[in-house]
Amino acid sequence: MNVGFIGLGNMGLSMARNLLKADHQLTVYNRTRERADSLRGEGAIVADRASDTCAGDVVVTMLADDHAVRDVVFGEKLIPMLAPGTVHISASTISVALARELAQAHAEAGNQFVSAPVFGRPEAAAEAKLAVVVAGGAKSIDYCQPVFDAIGQRTFVVGTEPHHANVVKLAGNFLVLSVIESLGEAFALLRKSGVEPERFLDVMTSTLFAAPVYRTYGNLIAKEQFLPAGFKLPLGLKDASLVLAAAADARAPMPVASLVRDHILAAIARNGEELDWAAFSRISAENAGLK
Amino acid sequence: MNVGFIGLGNMGLSMARNLLKADHQLTVYNRTRERADSLRGEGAIVADRASDTCAGDVVVTMLADDHAVRDVVFGEKLIPMLAPGTVHISASTISVALARELAQAHAEAGNQFVSAPVFGRPEAAAEAKLAVVVAGGAKSIDYCQPVFDAIGQRTFVVGTEPHHANVVKLAGNFLVLSVIESLGEAFALLRKSGVEPERFLDVMTSTLFAAPVYRTYGNLIAKEQFLPAGFKLPLGLKDASLVLAAAADARAPMPVASLVRDHILAAIARNGEELDWAAFSRISAENAGLK
Amino acid sequence: MNVGFIGLGNMGLSMARNLLKADHQLTVYNRTRERADSLRGEGAIVADRASDTCAGDVVVTMLADDHAVRDVVFGEKLIPMLAPGTVHISASTISVALARELAQAHAEAGNQFVSAPVFGRPEAAAEAKLAVVVAGGAKSIDYCQPVFDAIGQRTFVVGTEPHHANVVKLAGNFLVLSVIESLGEAFALLRKSGVEPERFLDVMTSTLFAAPVYRTYGNLIAKEQFLPAGFKLPLGLKDASLVLAAAADARAPMPVASLVRDHILAAIARNGEELDWAAFSRISAENAGLK
Amino acid sequence: MNVGFIGLGNMGLSMARNLLKADHQLTVYNRTRERADSLRGEGAIVADRASDTCAGDVVVTMLADDHAVRDVVFGEKLIPMLAPGTVHISASTISVALARELAQAHAEAGNQFVSAPVFGRPEAAAEAKLAVVVAGGAKSIDYCQPVFDAIGQRTFVVGTEPHHANVVKLAGNFLVLSVIESLGEAFALLRKSGVEPERFLDVMTSTLFAAPVYRTYGNLIAKEQFLPAGFKLPLGLKDASLVLAAAADARAPMPVASLVRDHILAAIARNGEELDWAAFSRISAENAGLK
């Protein structure tokens, strides 16, 4: 397919590269042009403006946050520039409210729009092993399937309205944050009671909790290994805030999300912004008088 | 080995039966004698008093709560009745404080004492597939290994003081409760946003959260299938209270445990005591105005 | 003084009227012109545009929320239209972030800016008995004192930067919300224990808690008298959200504010938007199974 | 009247002294006899055993906690020793559960029993200015009125069953703790935003919050003046635990009480047990990175 791609951060660059590997034609745009140039040798066309990526079969946006998406989509007037039939795939982790707004603006312009945020760390993006969570019209999703196949190992269709995918993405991030919180509390109890958290973790991940999220975060938290950061604390704050904003709009109280947000704030206030987002588990340790 | 066994509830009866199957000699005692009699045909000796089980190599207690353990161990004076060399294995889910008290009383009497609570539902107990969490002196643990092998599929040694095993057991139950809470909140957000929880669950359990606890409880909660109850809400209240008591004694605040306790209380206040303990997830749904 | 006044809602209309009574010259503007016209007979000049109020000694804005203030100040370009020496007094309850933004924009334009939100219900506004919380440059505050004297019974200077006054206003609203929450929880305990809340309230307001906030809200909550609404639940949600936004920006976790927000959301989800904001206390009653 | 009095701690000694001043005949008992002897010069008879105080018109117990009350009432068999017609007045802050148990035991023995916990600090006790919260049978209460008049400045009858008074006492202590928590959170926000808490406190206590509890605790918290302690943190932990136990028994979730308990635990874990109970407000400051 002929694919436009906007946003070449850690995740986006790998996704774009995998589209090239899958023999799609690629036109890329990035605000910092050097990152785009690096793909030229692999066959990508480098666009001067975001709107120059809009003439193909689909255009993918993979940007940092609501602000960046607004700048491109509304600021650079992507919506009226889309060629007839070009589908916009929004892969960024953005607010549910913005996803709704994009869907409405595209609908009014007669465009097709699919939301397709992804689960996975940068390594998974590099290996085309992302989980792609998709929502939108069935035809548009079918049409875009080759793009999802190129960047991920599995596609999950979760709803018919684009923002459904964003709700699923945010709810998933919430689950990860809640695991970090619960492990932090459990480990504080264990340590103050004379038990090594690793012993506990071994029991749990050998039985009911045999899942990657407990192994990965359990080890990081047990060892307090928060540098180098995979994702930093402010990204956790962004995610918790997006979850709470979605919850407020939906009139669905989420007290664990509120608690997580408060602990992330405390972690930043006390230890700065550079640590891995799992470091907010340390608030439970500190509140138990450890260290 | 020559094993005494006190407490033939759902879990205890299966554990006792598996000890018989593994060719141990068994003397059993239960307050309600009929349950003990049912094991006679399988080769067990039925004792008239708890203290009549204390002459063998080990005596196992598998009772409902602190109260029941106190009644047997202190009320029926188990400690002074233990034969020299007989090891007491406490497999019940009890408070950390009581485990410490038992350890001290046994130490003063010159007895050996091992704490060995188990993870697993009644089905796992029946199939000898429990996870046995053990703490105590190394020699005593080695000595009791045949008992653990007969009832479980794996033994985890987590510490040198008996109460360490109880802390691990309670922290594990806390993790289960925190998963129920988080899924309840996430599902409320999803449902109010127009997404079916099953779609979300499929994404999560196919990726980072591929663990039995999410599949089992995720399905129960998504379907609101709270009858028949595996464990009932008051048992969840007991567990949350034991966790919070241990946390208070250890001076380790656990806000998610506090929140879970409050939601279990609300579930009992609003819908009674008969539902499965996962039913406290419904408080999140009700607080979001669902149903 | 020659005073411009923008925003004639419940509070604003009374404040404007009191400025007239104190013999100030008044030019008023309101989006819905009829409300402005009602002041003509009392001596006010009615302006056609917000910017027509900017030629006097001071201009007061008393608007519903951030959105309305942005529309007037930035949308109608109030800042460049201010006459030299005219002081802008912002009396609206707005976010700390917007107060900072206004201060900076005025500073860059060489204008004087004072923030002066008020405490008090509509009755207090009508009787010129508001408490006026002021922050900004000392000279500007002195200059505006006749305005504060006309609308309130006491002025409190709380800081040298305008946004300080907004922090105080939001922290005060937080205290009110936290009283509603605490009374709701206490009353639920009392009622489920067979004690009438009024008996308790009488004890408390006769002793340590002899303050208007406990008498007023205590009676409303004890009687569950939530109609007609003084302030409605969505206003409480707005206030709780402003507090939490200020807390997030300041990196100061406020768990009671998070809890209040969650209970307001639950109250709206379950019982709609029409009740008085004290009605979120009912969530504690409902979670205790009352009614 | 002829009054027996058991328990001469800080509060009890002052209360006993005021009974003497009001010309009642007093027989006192205290575990540490020296404190009892100090009243001999003022006309009290000093008893050797708790049960020697039971022959008069009433016997008052004013003891530290459930444990101490159990030791005296059940351990020293007060109930069967009461002379016919002697009324037991329990003034201690004890659990609702124990108050129920005492009521039942007295009822079975044919005794009269009134619960009469008090509000007030040691200074108020010394000046006979306590607020006496009373529940029980109307006749018994009338009969005991001279005792209440001697120790307090006002009596509040709150219910017909003795434990009603204990629920009111605990709910009152909960309100005090919730004020400490809310002020701690508000002050953290203010300080991190550049506003002095005293300025805020002045606004609030001049308006809606003009109550002793805000003045007293507001100043202690603003100045972080936690030594010497009026009541120490472990007493706050006891009170929060009693509230939560009553809430659990009544099936009434109280999330602010849970939060307060967690913050008291954190305060003890981090800073020890010697500070005034208002010191748990510091957790909010520390979690905001202050100091």
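Observations
Chains here go by letter, A, B, C and D, matching the order in which they are written, and residues are numbered from 1 within each.
We adopt the following convention: a residue touches a chain if its C-beta (ideal position, glycine included) is under 8 Å from a C-beta of that chain, and two chains touch if they have at least 3 such contacts.
These numbers come from a predicted model, not from an experiment.
A count of C-beta contacts for the chain pairs C-D and A-D puts C-D on top. Most remote from subunit A, judged by the distance between CA-atom centroids, is D. The mean-CA centres of subunit A and subunit D are about 53 angstrom from one another, to the nearest whole unit.
Separation between the centroids of subunit C and subunit D, computed from CA atoms only, is 38 Å.
Contact of a single residue of subunit C with at least two other chains is seen at positions 192, 247, 251-255, 259, 262, 265-266, 269, 287-289. The touching residues of subunit C, counted against subunit B in their complex, run 192, 255, 262, 265-266, 269-270, 283, 286-289. For subunit A in complex with subunit C, the residues that touch the partner chain are 237, 241, 247-248, 251-255, 258-259, 261-263, 265-266, 268-269. Interface residues of subunit D facing subunit C in the complex, by the touch rule stated above, are 96, 119-120, 131, 133, 154, 156, 158-159, 161, 163-164, 167-168, 170-172, 174-176, 178-179, 181-183, 185-186, 188-190, 192-196, 199-200, 202-204, 206-214, 243, 246-247, 250-257, 259, 284, 287-289.
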